[in-house]
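Two complexes follow with chain A in common, the first pairing it with chain B and the second with chain C.
Showing the complex of A and B:
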């Protein structure tokens, strides 16, 4: 028996758990979603028939999906750059050897332990027009805080949801970037310092390039999270405000109780498959586009 | 035939007051009786200066000042920083007094010695036959009066301000790349290739001659050409007289780093102390260290791990602030000066290369950080890379290079700035033994060529002994001894130095053995002889280590370990054998048993 064959049983045993989990939780649901995506059901959600592959393009071209796609992309654009910049900024600020900086690090990273439901509730209360802190303190400058309230105004609802989402993700970004910062060799900074580089140049020529792998990772994760935003929307705006549905993201279109396709398993599955493909495209574009600019290792 | 010294001495007279305005030029009495001058070409003369001086003239008939233009064409472009050219050019181009002329002759003699001693072997014969193999022709151009007229025209009569000079011959005519006060050694900017030069008009306002007749610098104003070292922060090229512009004195704005530079780059440490932590956790890393590092020294800071040598280096760099004491670089105290303004370049143990940048971008970075124009940066980086053999790797990233190549990139990044002081923190420690040996030689060669001061931290005594012009030995933050490598080896100041330097280290016997009360005697292993007869010491052989070219005999003298270095030719005792050890009186080092200090 060759060594390769001898190694097979332990290899299967070690891979088995991962393959099982991946199969049960990812591959099977995906295959089922693709299968279900062919179905077109009646208004009651029963009596389904096979509508073929054309259903995916029908769903993609539908006004509802296009609208939800637009909202989702806007949410990505609102949350990812802002979340990244804030996370990097806070991490760089907290990466100083100052007395008591540990307290700030704990505060900045605390949201990683906060669930979407809790974060959304916190922001719901904060932005509440009648009793919310923000409306009390800031409505003089931003009247929309009081009337109708950021979450009720079609123009501000999505940014308000984005705000909650950014805050919820900030801890994750902060931790990853802080870890990245701490792996930057100190002598690179010292060398640049001796060579005459000022603070800004050290940041752009040393910190940012050395953080690039962490930032790419954070960007992909934040983008994927933003594409999957459901909890914040469901809790803060329920996809509204109506009739614009200005916060109805694709996940909310799929899962939301007041979604127009709430009862249609086929259309929901088709939309879910499309969301998967969109996420895949985003991830591939990000990795392909940015990976060449990212330097790993020393 | 007169000697060059006599020729120059008799040909030159003190400069008129209009020229020497602010100049403390020492003068000598010109003999009242005219001295006949017989002109003998010093070197190969294409356009003989005898045109002016022949037929033989007397000093009274000479023009008041003579400016001689010199063009040096080097056979070996890698040796363009040769002091030979700098001195020769300076000698020819400088209006001199008789006193200075004597100095010229002296320096030319020195040049000749340098030439034969350190130039490639093919050059040696040329040196002896021609005096200066690099110089092909010497021409007389204009008197200083004519020169000044041309210069005034060039400058439109308007002196222009430029980068602030530090007044010691380094910074000037740069910064804004247009014009500025120029302070530099006349004739120092000799370059090998025309394309490497840049021309700027310059007016020499004064020429300074220090006591002893050594011409140190000329001061003037000028304007940069397009290819000058714009924005580098200093005029590194010095000044020369450009052959193609005989009617206007032109400044050679030579390549950064390559040219002779008159800047004084001594480093002074006075009572330097550095403590980390407070209270019970306080650790004194450097304790009251006072050290003078002279210009162009290759100073080695040597000591075991944790002795404070790197901390000391970092305080010179400005990366650490001394708790007490004073750091002086050049002629200014720099305790509160930012590292970038200290005119130092540093090579780190890890090389600290930017992994995301190419070799070229790494080398260019210090210039980029100082706002040097892209073209100038590229040129300077290419030259630094050429010197260090990195040209084929310019587009690679550090991760694609070997350890030795990375180390050279770090060196190139340091030299591209042409800093006055180079600080190196164990730069060879990550290399294998063979590469380390090669790189040691390269560093020594680099030091010879750069005319900068090197401060080098190592715990490796081989590096210290082979590279340094002086060695400072540290232990527990305290300076133990400073001296040349041979001084430190031959006359260690303390027991610590005696036992730190040398492989195997010096045998230091217990108190009372071979010496009186309160005295410990030390002796190098190579100075102990073995004998079968009763001798100074009776010993028992514990171990014999045959290293091939030598044998180390480890013996036991009353419980003390004494190592003897001998050759395979002599008889080698067997383990357990009782033998006698001969310790010649003249080879004994005596130390105070309490303080460990050398007694005599």
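Showing the complex of A and C:
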């Protein structure tokens, strides 16, 4: 008992900075966003009145939010499964003791070095219809590359944003899955081999179950990233092409400079809180659904 | 590893073909993954006209540094890089200090309510930046921190992930070590500085690398807290090279990209091991 109270002053001193910072920049804004979500402001953004809890459902049901939610969910579906399959495929392919395999591993991890801005601008340059490399090389197969350009065609703009995200996340996925593969005990493969399991059986019955924790982690991280997509959209399409707004994700609806709610603190706060709840729902569902099948260690 | 067993079972030429096939597949995929980087790099090394002339721009001939040079001056990239370096350096240092201190309190002290406070800490990890930026921009404004280094740095100085990561390592240090040190009259700060921190150096390296990368690459917060030229980070400033409508200047963007990405690529190659350690900290064991 005395020890516990004696430890209190140093604990306060050591935790002080973190508690203060997290309080001001994480907890306070969350609480405040929930409060401000009740406000409905006039066009100037100055005079606001309390619209109550109903504003959250109003915002959720509004056409703009529903549209952005649809775009965001589509982006999750376009990026997460493809990113996961590519990452696992590459990691399994490179998980072999071959001469020079380290070079391939470095190449496959390399996109982890690109930031959102760098990756997006790389694809922005490559996909320019007039001068981009892809429009010259591939427009024979995909005419939209040249006219009007993937980023300007309402049907292909979102897949193009997804392509940039998948490429940028590949390095991260590859590194995590490779580490997961390396932690699989080798004797498991040997006993499966002795039991007469072929290559495919060993992959589905040993590799995949043992990779489950890494795959769950990657799935949750990729999903979170997709739900929070802002920079890619700001740099590649600015939420367009208009008038369909086919790439306006929820974060872009909240933070985009030309967003219709740009000056409305109440609506922005409400949309931000809803985004938080949606992310939570995704994370909980993924953990619930996948955790049962995950084998942690031995 | 799955394939190790396969190749052991097959013999002679089959084995050679399999190996060649795997190399071929690896090479093709590596080429696809690297192609965007290669194309942008080569475009940045061409003069304006050549960079627009495909497939000529894809061949490593007639290289020049003119494009990168003019991107450097017209984008004021030196200034942007210094801003990013200063902000990321300060954030990294700050995160290491706050994480080590808080982790020490959670790992070595037994104050009342410790576990409750720790759970609250972990809960803040669930709150994404996308939710808090709306209000944080106002908070920064009320502090007079819009367009300032303080606004860029201070909100990122605490990291729950960092606290969690360092605490995990501190927990592996035997409690008896601390007890013995306490009997010898060694205070908390001295134990932290002389025993706990040196023992966790690899983890601190990984945390530092990660924090630096995260801060260097940050986009949303800097784009909301900085509007003037003087405080822009490289990530925000690159966009300025992208002149709408003027296609002939797209090669300037490639020059800017190379300048912005190069230090990070070099850093990652140099610190590959720390990077892997940090990335997989959350993944391998649940």
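In this section, the second predicted complex is superposed on the first by the 274 of 298 C-alpha atoms of A that agree within 3 Å, B and C clash if a C-alpha of one lies under 4 Å from a C-alpha of the other, contacts with A are read in each partner's own complex, and residues count from 1 in each chain.
Quick note on the criterion: a residue touches a chain if its C-beta (ideal position, glycine included) is under 8 Å from a C-beta of that chain, and two chains touch if they have at least 3 such contacts.
The shown structure was predicted, so the numbers you read here are calculated from the model rather than taken from an experiment.
Of the two partner chains, chain C is the only one that A:5 touches; chain B does not reach it. After overlaying the two complexes on the shared chain, residue contacts for A:151 are found with neither chain B nor chain C.
When the shared chain is aligned, chain B and chain C each come close enough to touch A:193.
In the overlay built on the shared chain, the residue A:251 is in contact with chain C alone; chain B does not reach it. Contacts of A:210 after superposition on the shared chain: chain B is touched, whereas chain C is not. In the superposition on chain A, A:14 makes contact with chain C only, while chain B stays out of contact range. Chain A is touched at more residues by one of its partners, and among chain B and chain C that partner is C. By the touch criterion defined above, A:84 lies against neither chain B nor chain C after alignment on the C-alpha atoms of chain A. In the superposition on chain A, contact of A:33 is made with chain C only, not with chain B. The interface of chain A with chain B overlaps its interface with chain C at residues 190, 193, 206, 297. Chain C meets chain A in the complex at residues 1-6, 19, 22-23, 25-26, 29-30, 33-34, 36-37, 39-40, 43, 52, 54-55, 57-58, 97-99, 101-102, 104-105, 109-112, 114, 117, 121, 124, 126-136, 138-139, 154-155, 157-158, 160, 163, 188, 216-217, 219-220, 223-224, 235-236, 238-239, 242, 247, 250, 253-254, 256-257, 260-261, 264-265, 267-269, 272, 275-276, 279-280, 282-286.
Within the complex formed with chain A, the residues of chain B that make contact are 317-319, 339-340, 344-346, 348-350, 352, 354-357, 365-366, 369-370, 397-399, 413, 417.
Interface of chain A with chain C (complex): residues 3-5, 7-8, 10-12, 14-15, 17-18, 21-22, 24-30, 32-33, 36, 90, 92-98, 104, 106-118, 121-126, 128, 130-131, 133, 136-137, 167, 170, 172, 175-176, 179-181, 183-184, 186, 189-190, 193, 199, 202-203, 206-207, 213-214, 217-218, 224, 228, 230-231, 234-235, 251, 254-255, 265, 268-269, 272-273, 275-276, 279-280, 283, 294, 296-297. Residues 185, 187-188, 190-198, 201, 205-206, 209-210, 212, 295, 297-298 of chain A are the ones that touch chain B when the two sit in their complex.
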